C-alpha cells in the first residue's frame, strides 16, 4: 500500500468466503464507489467456482456507472495465497450448508423452542458456534502465518464467538466484527426525530449513540440528536406506539411484507419494561430474552409483529441470488453501484489513514464495559484512525438491563471455553441454561444430542 | 465490655426480633455454653409479649445444666433502648406474618411456578424483599443513631438484600449475614470422606472449602480434607449416587421424613452438569436454577427427592414452638443446652478479640469475587479477629458456573435498586427475568400484581 | 440555545475570570471566527474593571475583519448572574496575584529547588493548589446551583487538581480541562514528519496520538501519520537530535529567544531513556522528573536548552498586555481575528451538536487508564459529540513509564485529599515526597511553612 | 507423604541453598521441635561441601534435647535429585558472593548514596536482582519439571522480584515468600501494649494486623490487640518517643549494640508524617524513602539511630558461623533446639493439612490490594490451610501512603520486565528513578555501569 495524492493505492484485500452472493457484491459496490482507495481483492472460498464467478463480477464493477476507483479481483485456491501480504482480511462465510442451518433453526421447534434467526444465540447459535469456531481457529493461524499485521473484519455469525476465537488463537490479531444492527436502530430513531421534531432528512449518522452489550443484543445507554437527549422523546414514543410502529402504513400489511421487516414492537416493549433502548432488529432481540417472552409460539411472534425466518425462505432467496450471480457473470445484468450503508469501507479508509471515524464494533473487552468480563467480545463504539482501533469507554451497563446482558455475555464465555477445550459437557451446561431453552433439562439434553447428530459432519473435532 | 482473666465481660447484645421461638433459644443455648463471655441480652420485638417471654426463658438458661456463663436478659419496647451502647446487634425477624408468606410461596403455583422455600429468590423472595428491605432501612438508621460501632449479625432472609440495604443506608455499618447452608455441605462432604477414606469422626470443620456466590446459591471452587483435594473423589461419588445419597438408609423413607431432609440429588446433579460443588440445601439450590430444571412440578420435586415447604407446615410447626415457649416460660420444661453448630458465638468471640476464625459470611463485595459487581452482597470466607472482619480473596467464579451465579447476583442488584428507588417497574423488570418465572411476561405481570396486592399491608411505601 | 439553519443560536457562555488579558481575547477571536454559533458571553471577574474592559473589547470583535458571527458580551458583578441559564462555563483565573506566584516559584530556590513553571506540580504547584482548590469548590457549588447542566471548561492550573475539585464537590458536573501541551508535541511530530518523509504542510491534526498520563506530564503510547507508526522514526530522530532540535536554526540563539521556546531536548532525552514520547513542553516535563535530572541548577537548565520562567518576566509581560487592553478598549488598536489553534471552540461546537471530535482532555478516570486510580483526573483522548463527552479507552500505561506517571498521579490524589480535608499534615506528606523536593525532610518542612506563610492571605481555611 | 495418627509422615523437603549456615539450622531446629511432622530434607547447594556438612548437622538434630520428630537429611549434587517427588521446596540462597554484595552496598557511596542493607531495593537491590532473577528462572524450570505440585517457600532477597520470577516462568507454581519483618513490628506493638496497658506477656501473635505493601516496605492499615484499635495509642506513643524507643535502656548504648538493633525512630517518624504504621525494620524502611530523608549521610543515619550494615561486618559474622558449622559437624558443639519464631514450620503444617493459619506472605497480587498492579508481588495476610494458600483481601492502600508504596511497586514491575527481557536500558530507566538515586542522571548512569561491571561475572546473560 502506498500514498499518492492523498489516496491510498495498491491496497490488498483478502476475502475469505469470497464466493458469497450478497456481502461480496455489496463490498464490490462500496469499493468501486470510493474515490480515494484502489488495489486488489483476492477471493478465497471453499467453493472455488463461486469465487471465480465473483472474480468476473468484481472486475466488471470497475466499469459500472459511478465507479470511481479500480480494483482488480482474483480468485485463488489456497488461503495462503489470498492472505500473503494483504492489508485487510474480510471474513464472511457460511459455516456448513443450509442443511445444517435447517437443523439449527428448526430442530428445537420439536421441543417448543422457536428461533427467529438461530445463528447467534440460543440452541441454533450454540451449535453453529461449535462448527464455526474451529474454522476461525484455522483462519487465525493462517493470518498469524501469512499476514499478522493485516486488519481483519469479520461479518460471520455467531459474531462474538467468531471474533473471540480469532483473539484466542492469535492474541495480537487486529480483528473486529462489523454489524449493521445498531445502524437500523439509529435509522429508527431518525424516523422518530422526523416525526417528533417535524424535521425532514435526518440521517442515521446524526443520531449519536452509546451502545453497550454483545452483538445482536446491544443496548443504547444514551442517544442524542444534535445536543438533544432523545430518551424523554423515545419514552413518549414507546407509549404511543406500544402496539408497534409501522411508519404510517397500515400495520397488518407492513410488517409481514417480508421476514426481515418488523414493527419494532419487541424493541418498544423492551424499552417500556427496562427503560433503555435495545438496538438490534426485533428478530435478534427476541432470541436473547426468556423464551416465553416473545418466542413462545408462532402466535406470540405474530402478536409481537415480527417474523420467524425459515430456512426454507433462505433457500429460496439463495436461488434468486444464484440466478443473479449467473446474470452478473455472463453480462446479462450490469452490476449497479448502490451504497450499502455499511461502515466497512469507512472503517478501512480510516485504518488506512485517510480519515477518522467513531462507530460501533465488536472487539474483546479491555475495560470499555467495566462490568462485563475482560476478554469477552463486546459491542461498543470505537475510534478508527491511522492504523489504529481504540474502544471508546462505554461505561458500566445500567443495573436494570445488566441481568439480561451479563447473562448472555457470560453464556458466550462459557460456550467459548467449552469449544476451545472441545468439552461437550461444558458446552451443554451453557446450552441448557440459555434463555430460549425453556424445556426440562432432560429434554434439553435430547435436543442438544439431536442437533449435534444432525450436524455431525462438521463436528468431528468433538468427542461425544 | 471489658477484659478480665482472658474473658470478655459486660458484653451487651441487642436482639432485634427477640421474640423469636427458635433462633433466639439457640443463641441463648450457645451463649450459656460459652465460657469466656458474659453480659446482657436486650430483646426487642414488635411482639412485646414474645420478647418478654423470652426474657424469662433466657434468664432461666443461666441455671441450665452445662451453663458456663451468666447472661442477663431484658425485653424492651423501644428499639433505641435495646441498641444504645450495645456491642453486638443480632437481627432475626419474620417480616410480615405467615399470611404474607403464604402468598409469597403459594400464589405463584397458580401460574405453574413452584417454590421450595420462597424466602430468598424467585417471586416469593422478591416480594418478601419488598416488605423486608424498608424495615432494614429503619434498622440501619437506628444502628447509625444508637450504636454505630456495634457489630451487626443478620439471620433474616432474603439475606443478601437485607445486608445490602443495611450498607446502602449506613455505609460504615459493621454488618454481616450468617447462614448455615455451607456448613450442611461441609457435613455432606464429611460423610463422603468417611465413606471413601473409611475414616470415622470427620467433623465439618475439617472440610476446608472456598465458597463463592450469593447466599443460598453458594458454590465451592475448592474443597479439601487434610491436604487432599476432594474434587476427584466427589466426582466419583456423584456418579455413584446420581439417584441421591441417603446414607445407607432406604431412599423412600429417608428423604420424606420431613420437609428439610434431602437426598442431595439436586446438588449431585448440579455437580454432574457443571463440575463444581453447589453448597446449599437442595431446596434452596433448586430455586436459583431455571424453573423447568428441578421445580417444574410437584412430581419433578418428588423425582429429585427434595420437598416443597408448605406454609401450612410452617404454621403447624409454629404451634409446637408456641407451646414449647409456654412450657419453657412457665418452668414446665427445663431449657437444655445443646450446641447448635452455628458459628454466631464463635464469630462474636473472634470479634471481641478472644480468638480468630475463618468462616463464610455474607458481606458486600469489595473485590473478594472480582467478577461479581462491587457492592453486591456475596458469600465467601472471611477472617474474623480482633474487632475486624476481612474477606478472604475468593477469586473469580469459574466460567462454567458464572452464568448461573452472575445472573442471580445481578438480579439482586436490580431488585435492590428498584426497592431503594421504590420503583415498582424496575422491580418487576427483575421479577420477570427471574429463573423461576417461566410463564409469559403477561402472566408474570399478573402474578406480580396479585402478590403485591396480597401483601399490600406491608407495601405502603410503593406507588402502584 | 436553539437551532436554525444548521446553526446554534443564542448560546450563553459564562466566563469566570472574564477579565483575563490573554485567554479571553483568544476566545473572543475564535468565537468571532466561528460561522455556525452565536450568542452571549457573560464575563465575571473579581476584578470588575477588567471584566468591563473586556466587555467593550469583546463587543468590538463583532466588527473585526473576518468576524463571521455575532456575540454579545456583558460584564457582571455577581457570579450567579453570569451562570444562570448558561450552556457553557469557561474558567480561566489567576488564583492570587503575581506576588503569590513569586513565592511559589522562587522561594524553593533558597533550598536548591528550581522550577521552570511552578504552577502545576512541585512546591509551587502544591501551594498554588492549596489556594486555588477552595475557589473551585465555590465555583462548583455555584454551578450546581445556577447551571447544573452546563458544560464547564477549565483552563486554570493546576489543571488536574482544579478539575478534580469540581467533581468532588458536584459529582454530576459536566466539566473537563483543556490544555494545548499535547498539541505542541503533535506539531513537533509534524515537523519530524516533514523532515523525515520530505512532506510539506503536515498539520498537527494529521498526527494521530494516544495520550496517557496527567496534565503536563502526558505521554504518547502511539503516534501515527496516515497509517504509519511514527515510533521507529522518532527513535532515529531522537538519536540524531540528542542535543536538541532547533529546526535548522543555530542552537545558541533559538532556544533562548524567549522563556517559552525550547529545543525539545528534555523530551528527546526522555524518549532515549524510556522509549515513549513525552507530550508536553520541556518546561513542564522537567518539573515532574526527579529534581536532579533536569532542574538541578540554572546551569543544568541551560545545558538542557530550556528556560526557567521568572515571575519577573511574567510581570513585565502583564504590563504589555495591560497596555494592549487599554488600546483595544479605547479603539486605538483594532481587535484582530487570529485562530488560536486551541480546541475550545471545536469542543463547544461538538457539544452543541454541530460536529464530532476526538481530542485530548482532562477528566476523572473512569477506567480509561486502567492502572491509574479511578477518580484521579487524567489526560486521554475523548469523544465529543451531541451533548456528550466520553473518554476513549487509552489502555494501561506501559511498565517502563508507569513509575514516573503513577507517582505524580498518586501525589495529586494525596494532595487532593489533604486539601479537601484541610489537613496540612497530609498535604505536607505529599509535598515532601514530590520529585522536585530533593532537600532533606527537615528543610522540606521549613520550605513548606515559609511558602504557606508567604501566601497566608489565601490560606485562611487551613489551620497551621 | 501420608497421615497416621493425626501426624504427617514421610514429608519430603528440598532445600535449595542447603549449605546455608544460618537459615538452614533454624529450619532444622524448628523441624525437630515439631511433633506432628516427620520426613526427609534433601539439601542442594552449589557449595556441595557446605550442603554435606549440613547433612551431618541436620541428622544430629534428631538427637538434640527437645527433638520431637525425626528428619533424615541428605545432601545431593543435582538439583533434580533434591526436587523429585518433594512436597515442599525451600529456597534460601546467597546470589553471588560477598564480593558482589560489597559492590552492591558500597559502590553507590562514592556518589553519595548510602544503603543500610542494599539487598532489596535501591542500586544494590536492583543489581542483585539482575543476577538473582536468572537463577530463580532456573529454579522455576526445575520445579516445573521435577515437582510441579510442591509448595515453594522463598527466603531469598530481593524477595518480591525472586517470587515474581518464579511465577513468570511457571505460572502454576505454588510459591510464596516468607519474611519476618512484619513480626518485628508486631513485637514492637506488643511492647507498646505492655507499656500502655500495663500488661505482661503480650505475644506478637496477639497483635492482629492488616499489612499492605511490598516486602520490606509493608505498612499496617489496622492493628488491634484483643478488640482494641491500637492506632490512637500508637499516635500518642509516637509523639512521646519521637526521638526513638529504646525500651527503658539508655538510648546511647542500646541501638548501637549491633547493626540490627534499632530505636524504631524511622518507623516512628514515618507514622508522625503519614499516619500509618510502617512495618519493617528501620534499616529496610529507610531504603524505600527519598534518599535525603534518612540515608543522606552516615551522620543522618546516626541521628535517626539506626545503622548501615557494612559488608565487612557480614564477612566477619560469616567467619563465626563457619566456625560454628565446624563445631556442629564435628560434634564439638551440640545442636540446640530454639524456636526461631519464624512462621515457616507453621505454614508447612497448615499446608500439609495439620492446622490452619493466617499470616503475612509475599505472593502475586490477584486483587488483594486493588490499587497495586495485578501480578506484582505484594505482602498481605493470607490464609493457609489444607493444601491451599489464599490471600486475605487487604483492601486499597490509603491515599496518604499510596505515593510511597505504589512508586516502589511500580519500580519493581519495571525492573522485572527489564530483567525478563534482558533489556539493560529498561533496567537503568528504573534504576535512575529509584528513591535512593539522588544523584544526577549522568552520575546515575556511571554508577549503574560501574556496579554492573563489578558484578559482571554474574551478568553474562545481559548485553551491555
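Going in written order, the chains are labelled A, B, C and D, and every chain counts its residues from 1.
The criterion applied here is as follows: contacts are C-beta pairs under 8 Å (C-beta built on N, C-alpha and C of every residue); 3 or more make two chains touch, one makes a residue touch a chain.
In this text the structure is predicted, and so the values were computed from the model without any measurement.
**Student:** Could you tell me which chain lies farthest from subunit A when each chain's centre is the average position of its Cα atoms?
**Tutor:** D
**Student:** Nearest whole angstrom, what separates the Cα centre of subunit B from the Cα centre of subunit D?
**Tutor:** A distance of 43 Å separates the two centres.
**Student:** What is the distance in Å between the mean C-alpha positions of subunit B and subunit C?
**Tutor:** Comparing mean C-alpha positions, subunit C is 55 Å from subunit B.
**Student:** Can you tell me which residues of subunit C touch two or more of the remaining chains?
**Tutor:** none
**Student:** Show me, using the given definition of touch, all chain pairs that touch one another.
**Tutor:** Pairwise, the chains that meet the contact rule are A-B, A-C, B-D, C-D.
**Student:** Within the complex, which stretch of subunit C touches subunit A?
**Tutor:** My answer: residues 1, 3, 8, 208, 210, 222, 224-229, 351-354, 356, 358, 366-368, 370, 381, 383, 385-388, 390-395.
**Student:** Flag every residue of subunit A that touches subunit B in the complex, lowest number first.
**Tutor:** Residues in contact with subunit B: 273-275, 290, 292-293, 296, 300, 371, 373, 399-400, 402-404, 406-407, 410-411, 413-414, 417-418, 425-426, 428-430, 432-433, 437-441.
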